[in-house]
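Read from first to last, the chains carry the letters A, B, C and D; within each, the first residue is number 1.
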Amino acid sequence: MNFASDNTAGIPAPILDAITAANEGYSLGYGNDDWTKRVEARLSELFEREVAAFLVPTGTVANSLALAHLSPPWGAVLCHVDSHVNDDESGAPEFFGGGLKLLELPGQNAKIDPAVLTERLSRLRGAPHSVLPSVVSITQSTELGTVYSLSEIAALAEIARSRSLKLHMDGARFGNAIASLGCAPAEATWKTGVDALSFGATKGGALAAEAIVFFNPADAAGMSSRRKRGGALISKHRFIAAQFEAYLKDDLWLKLARHANAMAKRLSDGLSAAGEPPMWPVEANEVFAILSNDADARLRKAGAAYYPWQAVALPEGRKVPQGHGLFRLVTSFATRADDVDAFLRIAHPTKP
Amino acid sequence: MNFASDNTAGIPAPILDAITAANEGYSLGYGNDDWTKRVEARLSELFEREVAAFLVPTGTVANSLALAHLSPPWGAVLCHVDSHVNDDESGAPEFFGGGLKLLELPGQNAKIDPAVLTERLSRLRGAPHSVLPSVVSITQSTELGTVYSLSEIAALAEIARSRSLKLHMDGARFGNAIASLGCAPAEATWKTGVDALSFGATKGGALAAEAIVFFNPADAAGMSSRRKRGGALISKHRFIAAQFEAYLKDDLWLKLARHANAMAKRLSDGLSAAGEPPMWPVEANEVFAILSNDADARLRKAGAAYYPWQAVALPEGRKVPQGHGLFRLVTSFATRADDVDAFLRIAHPTKP
Amino acid sequence: MNFASDNTAGIPAPILDAITAANEGYSLGYGNDDWTKRVEARLSELFEREVAAFLVPTGTVANSLALAHLSPPWGAVLCHVDSHVNDDESGAPEFFGGGLKLLELPGQNAKIDPAVLTERLSRLRGAPHSVLPSVVSITQSTELGTVYSLSEIAALAEIARSRSLKLHMDGARFGNAIASLGCAPAEATWKTGVDALSFGATKGGALAAEAIVFFNPADAAGMSSRRKRGGALISKHRFIAAQFEAYLKDDLWLKLARHANAMAKRLSDGLSAAGEPPMWPVEANEVFAILSNDADARLRKAGAAYYPWQAVALPEGRKVPQGHGLFRLVTSFATRADDVDAFLRIAHPTKP
Amino acid sequence: MNFASDNTAGIPAPILDAITAANEGYSLGYGNDDWTKRVEARLSELFEREVAAFLVPTGTVANSLALAHLSPPWGAVLCHVDSHVNDDESGAPEFFGGGLKLLELPGQNAKIDPAVLTERLSRLRGAPHSVLPSVVSITQSTELGTVYSLSEIAALAEIARSRSLKLHMDGARFGNAIASLGCAPAEATWKTGVDALSFGATKGGALAAEAIVFFNPADAAGMSSRRKRGGALISKHRFIAAQFEAYLKDDLWLKLARHANAMAKRLSDGLSAAGEPPMWPVEANEVFAILSNDADARLRKAGAAYYPWQAVALPEGRKVPQGHGLFRLVTSFATRADDVDAFLRIAHPTKP
C-alpha cells in the first residue's frame, strides 16, 4: 500500500530488460550511439514533427535546463503557485537560469487561470527595471492530479503568443495526462502552442530518464553545451536512451499510465462511495483524500505509506473537517487493485 | 512640480561641496583613504555599535549583495509582493545570490503581515526539496510610503529569529523613516532585530552612494570580495565616502528627510482637504493620490511629472472611482512648498 | 578493440544484477532507503572514518558540486592545465561555483608541481582585487594515466594547509589509482590531507554513479540542498545506491581496476617491446601511444576505436616523430587480453 | 609623487564643473535625460558610426557585462595572463557571465600573441565537452603600459573572425592608447575588427564613469536589462552622463591622456639616462622601473607612493638584479613635471 509517490515504484520489466539488452559490447559515450539515435527518431515520430531532444537523469534538471534555455537570464517564468518548479526544485530553475525569476500565480486545481496570467503580466513595470516575462510554464498532468484540456492549454498559449512568451510544459507525468486525454501527443503539445516539453519517464517507470523536447529545433541551439555544463550529460548514454526507447516502444508509456490512472480512479471511486470524495478532481494518477485521524492511524499501522498535503488554497466550498487531514495518494504502474481495495477497507471499514 | 521620484532631484549643496573638497591631491583607491575610514567610524557611532559597512553606487546592488551574503545560494528571501527587491531590480537579488529565490508575501500597506509570514514558512516542504528560508527582507520606509513601527519590526524579527532567519532592511528611504519615527537609528534597526541594512543616501540626496551595514561584523566576512566581484567597488573611493560623510554630518540626512516628509504631508493634507485622501497612509515622502482624468491632464499640461501606479491590491474598502486614476507622488529634499501648492491648485481648482 | 574510453564499456554483471535485485517492491525516494544507508555506512568503513557521502549521476556534477561547496563564489581552484575540471566540463565548475575561477597550472605527467603551485599562489594580488585561492584540485589517477604517490599528495596538501586551502581529489579513476598504489583508500586520501573526493564508479563499471565524499562531515553542511538545486538528486535513489553498493562489495572495484590496469600494462609492454614506448608512464589504465600514420590507418580499418591526443606539452626530450601521431588508449574492466594482443599485432606487424 | 595608480588622482576641473552644472533642477532618472542622449550621440559621432552605449560606474562591471553579453554562459574568453579581467576583477567576468571561463594566454609585453591564440584555440576539444570559445579580449593600452598597433589588433581580429569569435577591448586606458597611436578612435576599434569596447573615463579623470560601447547595436539587445540586473544602472544618471560628456568635450580625454603619457615618457627617459631603462616599453602612462632597494627606501621615506610588481614573466634577456626590485609607476592627468623630476633625483641622486 505504498502511495507515497510514483517514484517509490521500481522499474517495469520491459525497461529493465532494455538496460540489460543494451549491455552488449562497447558503445561510444555521450549520445554518440545507436540507441540515442533511435530515441531521437522515435520522438520525432511520436510528436509528428522533427524535434530536438536531450536526455537527462532528473526531472528537476530537465525543467531547469529547459526554462534556462527559453529565457534570458533577466527573464521571468510565470508558473502556478503549486508547481514543482516553484516549490520542489530548491531554486534549481533560478540557479540554472542565472538568476531567472519565477512569478507564482494562483488558480483552481493547480491550473494557471488565463485572467490571472493576464493581470500579472500587466502589472510588470517593464524592462529594464522589471524582469522580462519570458516563459509560461504549466505542469501536465498537474501537481494536484488534474489535467489541462486542450482548450485550456490553447487559452494560455494565446496569451503567451500575444506577449512573445514561450510556453513550457513540465511533463513529469505527461503519460498520465495523455492517457487521460486520449489524444495524440502532438495535439496536446505543439499543435496547441507548447514550445518545449520536459517529457518524464522516471515517474512512469524508468530508472532515471527524462527528455527535454524542443518542438522547434532552432530553439535548442546551444543546449548540448548547457546540458554538459549543467552536469547532466550521462557518459554511458546508451543506457539512458535504452530506457526511453523501451518506455516508448509499443506505447508502453501509455499502457503503464492508463493502469496508474485506473488505480487512481478505483481509489477515488471508493472514497467517494464512502462519502469522502477527494479534494480535487481525479484526472490522472493522484488522489487527494480526506481521511479521519483514526483512519490515518489505522492505515499507517497497517503499513500504508503516503504524505500529508498542505494546500495553498482549497477549492471553493471545500474544507478539511475537524479530526481529519488531507493526504496525497499517488498510484503508479506498480499499484495493484488489491492494494487499493485494502486501503479502502482500512480507511472506511464500514464500507463493504 | 516634479514628483516622479526622489531620484529626479539633484544633489544638495553640502554633498556637492564635499565632493569638491575631497578633490584635493592624491588618495589611494578602493577604500584605502581617510574619508572611508571616517565614514566607517561615523556609522558605528551613529548606530551605537561597531558595524561593518561597505559603500556601493546603487540601491539595487546594495540590496542584492546584502541578500546574497545573508543567504546560501539555495536559500529564499521572504519579502513583500510590492517590494523593490521583488519588482524593480530585474532579478538582481536572484542573480547576485546565485539563484536565490524570492518568496513574495501580501500584506496591507506594503508591510509584511506576521501571520502571512508564519503561514508561508509553514508551507515550505523543507530542504532539500524546497528552498531553505534564509532571510526576511523589509523595506523601510516602504514602497507605499508607510513606515514600520518598532513593534511591527520586532514582531517580524521574532518570527525570523525563531526560524533562524536573518532580517534585512532595504533602507533606500531610511532617512525618511527615521525622520518619521523620531527614534534613534539603532532603535529602528539592530535593537529591534535587524541584521543588515541597505542604508540609502542617493534618494536622500547623494549623487550615487549607498552603504551596506552589517550590525554583526562577523556576518560580513567575505563581503569585500563579493562586492569587488559584483563590480561594485568604486576605485576613486574617497568620492563616494565624501558623499556619505556629508550626508551624515550634522544630521543632514535627517534634516533633508524631514523636509521631504513635510512636503508629502502638505500634499496629503491638501488632497484630503479636497475630499480625495491618498490611497495609503502618508508616513514618509510618498503620496498615492487619486486624481480625476481631467486633473491628470491639466497637471501634465502644466508640466507636472509623476507616474501612474498599478496596485497589486487596494486597501479594504477603497477603490479608484471611474474616471480617475491612481498616481504616485514622491517628494524630496528639493521639493518646494510652492510646487506642492501649485500642484494642489491645479489638481483641485475649486479649493482655495 | 575499443580503447576510446573506459565509459564505452558496459556494466559488469554484479552491478547490473544489483540493479535487478533492487527492483523489488517499493522504496521511498531521494535517498531515504536502505541501500543508500548501507552505502553510506560502507563508505565510512572503507575510508576508516565517518564520512558524509552524496551520490550523483555524473562525474562532472560530482566535481562541480564538490568544488562549489569547498570554495566561496569569489574563490579560485588551482588545478592542472590538463585536468578534466579545466578542459572537459564545459565550464561546469565555474557555473556551479557561481563564478568560481579555475587557475591552471602546468606540470609534468599531468601532476601539479609543488613549486609551480607555490609560485602561482604568491602571484595572486590578494582579496578583494584578486580571487581568493580556496581549493587545490588533483586528479587521481590523472588524465594522462599517471598516479600521484602518497608523498606527492602530501607535498601538495602541505602547501594547501599552509595557505588554508582545501584539497579536492577528482577520483573518476580512483579505483585504478588505488589498484596501482596498493594502499588503503584512507591512506591515499584524508590521511594524506585530502578534504573531499569525487569517487567515480561509472568509468569503473557502473551505469551512472559517483559519490562526493567529504572526509570531515562538517564541510558538507548544505550539500543536500546544493545537490538538489543542481538537479543531481536521483529520485529512485535505491538504484544509484545499489550500483555503488555492488561496486564496493567484495572489493569488486579494485578487482575490476586491477584488470584494467593489467591490460594497460600489457599494451604498454607490447608497445615498448616494439620500440615505441608510450609518451607518459603507464601507472593506471591509460596508454598514450605513438603510432605511425600507417599503423593508425590499419587499426581503424580493423575496427579499433581510440582518440588522437593533443598535448599541452610533451615530456622533456620526447617528441612525436614525423609521420606519426599521438593517441590515447584506455582500458577497462571489459578489455580482453585478446583485444590488446590483436591491437599490438596490427600496430606492429613485425612483432611476434 | 603619487604614482600608485591613475585612480589616485582626483577629478580635473572640467569634469567636476560639469557635475555641478548638471545639478540644476530635476531630471528623470535611469538615463531618460538630455545629458545621456547627448553622450550617446557624441559617442556615435566620435566613433564615426551609430553605436549602442551603456554608462556604468566601474571598469570591472563594464568589462564583465560586456563579456557576459558577447558570450553564451558556456563560453570562454581568451585573454592575456596579465589582463585585468583575469587577475584583478575577483572573478567578476566569470560571475556576470554565468560561469564564463577565462583562458589565459602568455605573450610578450602583455599583448596576446596570434600564434599562441591560434594554438590555444586548436587545443580545445570542442563543444559540448569543452567550453565554446566565444570572445577574445585585449586591453588597450595594456596592463604593462604598452599599446597594440593597428596591425597587431587586426591580426587578432582576423583569427577571431575566422573562428566566429567576438573581439572585446578593455579600454580602461583607451585615452592613453589613442593619444599614443595618434589615430582616430574608429581606426583603433571597429575598423580594425573590435566588436565592443569598455571605454574608461575614470582612470582618465572622471569620478566614476565607464561606457560599454557596442559597434554593432544589434549585439547590444538586452543589455539594458543585464545592466539593471547587474546593479550597474545609476539612478541619477545625468551625473554619470555629465562626466562622460565633459570627458569627451573638446577632446579633453586626449589632452589629459597626452599629458599623462608625456609624464611617463619623462620618467622613462630619466630612468634610461640613469642606466636603468624600464622593464617594458613605455608607450602609454605606465613605467615599470627597476630600483635599487636603497632608492626604494629613499623614495618611500620622501613620501613617494607606488606598488611593487610581480611579473608572470620578464622580457627575454631582462632580469631584476640582486638588491633591486621591480615597481610600477603610473602617471595621470594630475602628474606634474616637478613630481617626476623629484622622483628621478631621489631615485638616482648622481644624475644632475
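In this text, a contact is a pair of C-beta atoms (placed from the backbone, for glycine too) under 8 Å apart; a residue touches a chain by one contact, two chains touch by 3 or more.
Please read these numbers as outputs of a predicted model, since none were measured by experiment.
For subunit C and subunit D, which third chains touch each of them?
A, B
Report back the single chain whose CA centre is most distant from the CA centre of subunit D.
A
Averaged over CA atoms, how far is the centre of subunit A from the centre of subunit C? Could you give it in whole Å?
That pair's centroid distance is 35 Å.
With chain centres taken as the means of their Cα atoms, state the distance from subunit A to subunit B in Å.
41
Between subunit B and subunit C, what is the gap in Å from one C-alpha centre to the other?
51
Give the residues of subunit D touching no fewer than two other chains, as numbers and ranges.
73-74, 89-92, 95-96, 98-99, 127-129, 131-132, 225, 228-229, 233, in rising order.
Which subunit B residues qualify as touching subunit C in the complex?
Those residues of subunit B that touch subunit C are 30, 72-74, 98-99, 127-129, 131-132, 222, 224-229, 233.
Can you check the complex and tell me which residues of subunit C touch subunit D?
73-76, 87-92, 94-102, 104, 122-125, 127-132, 310, 312
Where on subunit C does subunit A make contact in their complex?
2, 4-5, 7-11, 16, 19-20, 22-29, 56-62, 64-65, 89-92, 95-96, 202-203, 207-208, 225, 228-236, 239-240, 305, 334
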